[in-house]
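Two complexes, one shared chain (chain A), two partners (chain B, chain C).
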Partner chain A sequence: MLFTSYLFLGFLALVLILYYVLPKKTQWPLLLCASYLFYFAAGAHFLLYLLSTTVTIWGAAVLIDKNHQAQKTYIKEHKEEMDREAQKTYRAAQKKIRFRYFLAALLINLLVLAVVKYANFFIDNFNGVLRAFGNAEGLSFVNIALPMGISFYTFQTIGYLVDVYRGNTAAEKSIFRFALFVSFFPQVVQGPINRFGEMAPSLYAQKRFDGRQVSFGLQRILWGYFKKLVIADRILVAVTAIFGDPANQGAYVFVGMIFYRLQLYADFSGGIDITIGIAEALGITLRENFNRPYFSKSLPEYWRRWHMSMNAWFRDYIFYPLSTSPALVSLTKKVRARFGPGAGKRVPLYISSFAAWAATGIWHGASWNFVVWGLTNWLILMLSEEFTPLYERFRRATHTEQSRAYDVFQIVRTFLLIGCVNLFDCHATLGATFRSFASMFTSANYHVLTDGSLLELGLTGLDYGILAVAWLIVLTVSLVQRKGSVREQIEPLPYAVKYVLFFGLFLIVLLMGAYGVGYDASQFIYNRF
Partner chain B sequence: MEELLEILGELHPDVDFENETQLVDDGILDSLDIVSLIGEIKRVFDVTVTAGDIIPDNFNTVQAMMALIERLEEEA
Partner chain C sequence: MKKKILKYGLTAVISIAILFLLQRLLMPKYVDGIVEGAFVAEYYEEEKDHDVIFVGDCEVYETFSPLVLWEEYGINAYIRGSAQQYIFQSYYMVEDTLRYETPDVVVFNIQSLQYDEAQSEAYNRMTLEGMKWSKTKVDAINASMKEGEQFLDYVFPILRYHTRWSELTETDVQYMFDKKKVSHNGYYMRVDVKPAENVPEGRPLGNYDFGENAWKYLDMMRELCAEKGVTLLLVKAPSLYPYWYPEYEAQVEAYAEEHGLRYINLLEDAEAIGLDYTTDTYDAGLHMNLSGAEKCARFLGHVLSVEYGLEDRRGEAALDEAWRGKKEAYEAEIAEQKVKYGIKDE
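What follows is the complex of A and B.
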């Protein structure tokens, strides 16, 4: 049931009506039923994966929490008989028990993810090694469909497990309430990856109908559909035409790179707008995932503003624990003793962020392209870290610290840099990616930008016109957003103005959404991750 | 306290940590130092400094760091 289908709109309308009409105590159970129905529609057998994650993580978290509480009670009751050392020994023994529960649940879920998402990647590489040694017969590929949203809900629940293990979050006692956290239908498909401690209060609370909140939610949903249907699905046609034909090199790659950036933003942030809008209409607060990322002036800043919930996840659950792990602490000491403090303090950063970016790459997809994509990001981020003092000196020397022109230069440079890195996402192989990248500098075909060739990519002049106006609207909204919530700024306007704005946007989505002949309202890009 | 001063001394042998009051705000300890420091605190004191605890106020002075460690030991 795609967000962009009429069936989903009917489903959503029904859920919203029942949510506020039925008794309040049935609100979260209703959402649980709706979420399972939504998931069931994607494929009945997928429910097994969802259920196995729900049961294993819930069970392990409850056991960990029980042990933690029992430990606290025991120490409190025996405080006088136990000295500091005895307490430490007791705590260490209990921690070992908790770690076993934690590890068991973690491994089960990572194993399931590895099998459904990465089995064929491993088999392909294994066969490659066999072939290299002259063995023509390899393993055959397995045929497993990827369960909807598995990367998102697996990571969200692992985050919860870590939080409970660390004692930062109390475990949810009710498996049904926990099942809703895992399966909540607006976010199960493509996130944002939420934290239980933040989401639980509004997820399970009983809500009164709040007209303003529902209206705000619906406005955001409409905005999401605008980005997805008017921009992303329209520009998709040209992106597919460009990267679908290996003969398109040089200027076509340059155009495709820019179009893909625009498509990805409109598609992903549009989908997230729909998700957060639905949650808002239901009175539930989710994490934001974007903060006008294309205004970023550097790659580190971009990664703080794009897919924020995923980056925060990798920071909190991979980078941070790894950088403070005993092995790295010991390595840091050795490097510091041998090469000095400057080298020593770089060890945790370099190694942990390398691991986090390799994991981010492989999370996005089972291919070497994504691994190299992740590591390219890592390399640029590390170079950026090293060169920061140099950049600052340069700006002071050239008196460009306050220069608007230099800011614009940085924004454009960052946009193009991310475009180049994202070419890994546009091609299936590393060879094709590098050929495509190099051709932008070596092919002398930039005349296609002006000779009408771009009109042969499946988009008419009218389509380009609509895209230009739509982007102008997105840009204007982004600029207005700098002063705070756009919806709150619109709210005090006269009713007639608001009506024209929202009805106008609705009409644009209805009339200019890309679902006419030759188009097909397509799956969201991040659904495949 | 001695153990903490030893860790800090290894990071920056030239700094008089006992008398500094703006270690983070004055840029004596940067983000990379803090990451190393948290790893060492975990190893020596067996407490985990969470991301939420990484604020300048907790690392500006040795006393603030000790207070943080003692609080985390209590909570463990």
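What follows is the complex of A and C.
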């Protein structure tokens, strides 16, 4: 059930109506039923994966939590009989038990993810090794359909498991309530990756109908559809035309790179707007995932503003634990003693971020392209870190610290840099990616930008016009957002003005949206992750 | 509270009105160029008192002139055909007709038997959009939709035509609410001539058998007509192309014989009809022009009148009056087309 299908809109309308019409105590059970129905529509057998994650993570978390409580009670009851050492030994023994629960659930879920998402990647590489040793016969590829949103809900639930294991979050006692956290239909497809502690209060609370909140939610949904249907699905035609034909090199790659950046942002942030808008209309608070990322002046800043929930996840559950792990702390000490404090500071940063970025890359897709994409990001981020003092000195020397023009230069530079890195996403192989990248500097075909060749990419002049105006609207909204929520700023305006704005936006989506006959109903890009 | 209801009520009314107007504006009008999409809807403006209803694809709406049937035999006929109207659509067209009237004879052109399922969304639209909403239309849509088509797009055509704003012309504004008639009791007139020369032979096919779905709907049509006491007459228009294979012919003949139906292949009666393929077709043998359509109507009118004993209704004041107006429109269009195609009166 695509977010852009009529069926989904009907489903959503029905859920919203029932949610506020039925007794409040049925609100979260209704959402659970709706979420499972939504997931069922994607494929009945996919439910098995969802259920296995729900049951294993919930079970392990409950056992860990129980053990925590039992440990507390035991120590409290036997405080008199146990000296410090005995308590320490007892705690260590209990921690071991909890770790076993944690590890079992973690491995089961990572194994499922590895099999469904990465099995063919492993087989392909294994076969490559066999071929290198002269064995032509390799393993056959497996045919496993990727369950909808598996990367998102697996990581979300692993985050929950870690939180419970660390004692930061109490385990949810009801498997049904937990099942809703895992399967909540707007976010199960492409996130954002939420934290149980943040989401649970509003997810399970009983809500009264709040017209303003529902209206705000619907406005955000509409904005999401605008980005997805008017921009992303329109520009998709040209992106597919450019990267679908290996003959398109040089200027075409440059144009494709820019178009793909615009498409990816409109598609992903549009989908997240729809997700957060639906949740808002239901009175549920989700994490934000974007903070006007294309205004970033550097790559580190960009990654703080793009796909924020995923980056926070990798930071909190891979980067920090790794950089504070006993092994790395010990290594840091040794390096510091031998090479000085500068090197000592860099060791945990380099190693932990390397691991986090390798994981981010492989999370995005089962191919070397994504691994290299992740590591390229890591390399640039580390270089950026190393050169920061130099940049600062340069800006002081050139008096560009307060320069608007330099700010714009930085924004454009960051945009293009990310575009280049994202070429890994546009090609299936590393060879094609590097050829494509190099051709931007070696092909002398930039005349295609002005000779009408761009009109042969499946977009008419009118399409380009619509895209330009639509981007202007997105840009304007982004600029207005600097002063706070756009909807909050629109709210005090006269009713007629608000009507014109939102009904006008609705008409733009209706009349200029790339949907229906003549357009391929396209899945959100991040659904495939 | 009252004020709030009024405010939101007014908002809803204004929004619906805007959407309605936009939908009217964006929908194709079919008044010039491709006019075939307008035929189905024109039926509902008629007095429903027909003796004969023709159903089928272009071979039927370009092959028989209802005016000739009236003028020469007093038969009040109407053609419910549209471009590439598939058999399942023809069945629902019969079912739809029977909601309003019970003709004596339904004439079905069997050309569409070769299509077991819809071939083109655009043709679906031209046939189905003009139908009035009823369970029959719902069934017709469900039977016709190709993969990727959505039922809701038929309910709210603005969803289908939302991108037409870039192609709008003056005609779209002019005919937003009121359309001019483009057919003559469902007959699509062409007065120009393009002789049939070098008509290609049919290429050998892998399979000549009509599909299960096609047979199913022919059975349904036959049963429906029998149930309502309507005589079903099967015909094959005398189009030279697309090629009508002997294997097709054999299947239709066998079916007609098995079920006691009359089947007339006008291709075989071309001589009796007096058809001259150098003067009676406007597109090299695919379709009849006015001259061909009048000859075919004359021939079939004789069959209907003599063999089926259809009553001569000339003299019924209301019908005489109606046909007088129709004749004027018919003749006016002949004159108009003659100018358009540069044809001089003999």
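One rule holds for everything that comes next: the second predicted complex is superposed on the first by the 526 of 529 C-alpha atoms of A that agree within 3 Å, B and C clash if a C-alpha of one lies under 4 Å from a C-alpha of the other, contacts with A are read in each partner's own complex, and residues count from 1 in each chain.
In this section, a residue touches a chain if its C-beta (ideal position, glycine included) is under 8 Å from a C-beta of that chain, and two chains touch if they have at least 3 such contacts.
No experiment lies behind these values; they were computed from the predicted model shown.
Once chain A of one complex is fitted onto chain A of the other, the partner contacts of A:I144 are absent, as it touches neither chain B nor chain C.
When the two structures are aligned on the shared chain, A:L37 is found in touch with neither chain B nor chain C.
By the touch criterion stated above, A:T332 is placed in contact with chain B alone, chain C being left untouched. Comparing chain B with chain C, the partner in contact with more residues of chain A is B. Applying the stated touch rule to the two superposed structures, the chain B and chain C interfaces on chain A have no residue in common.
Within the complex, the chain C residues that touch chain A are 7, 11, 15, 18, 22, 121, 148-150, 152-153, 158-160, 162-163, 165-166. Contacts from chain B toward chain A in the complex involve residues 10-12, 30, 32-33, 35-36, 38-40, 42-43, 46, 48-51, 75-76. Within the complex formed with chain C, the chain A residues making contact are 6, 462, 495, 499, 503, 507, 510-513, 515-518, 521. Residues of chain A touching chain B in their complex: 88, 91-92, 166-168, 315-316, 320, 323-326, 328-329, 332-333, 336, 341, 344-346, 348-349.
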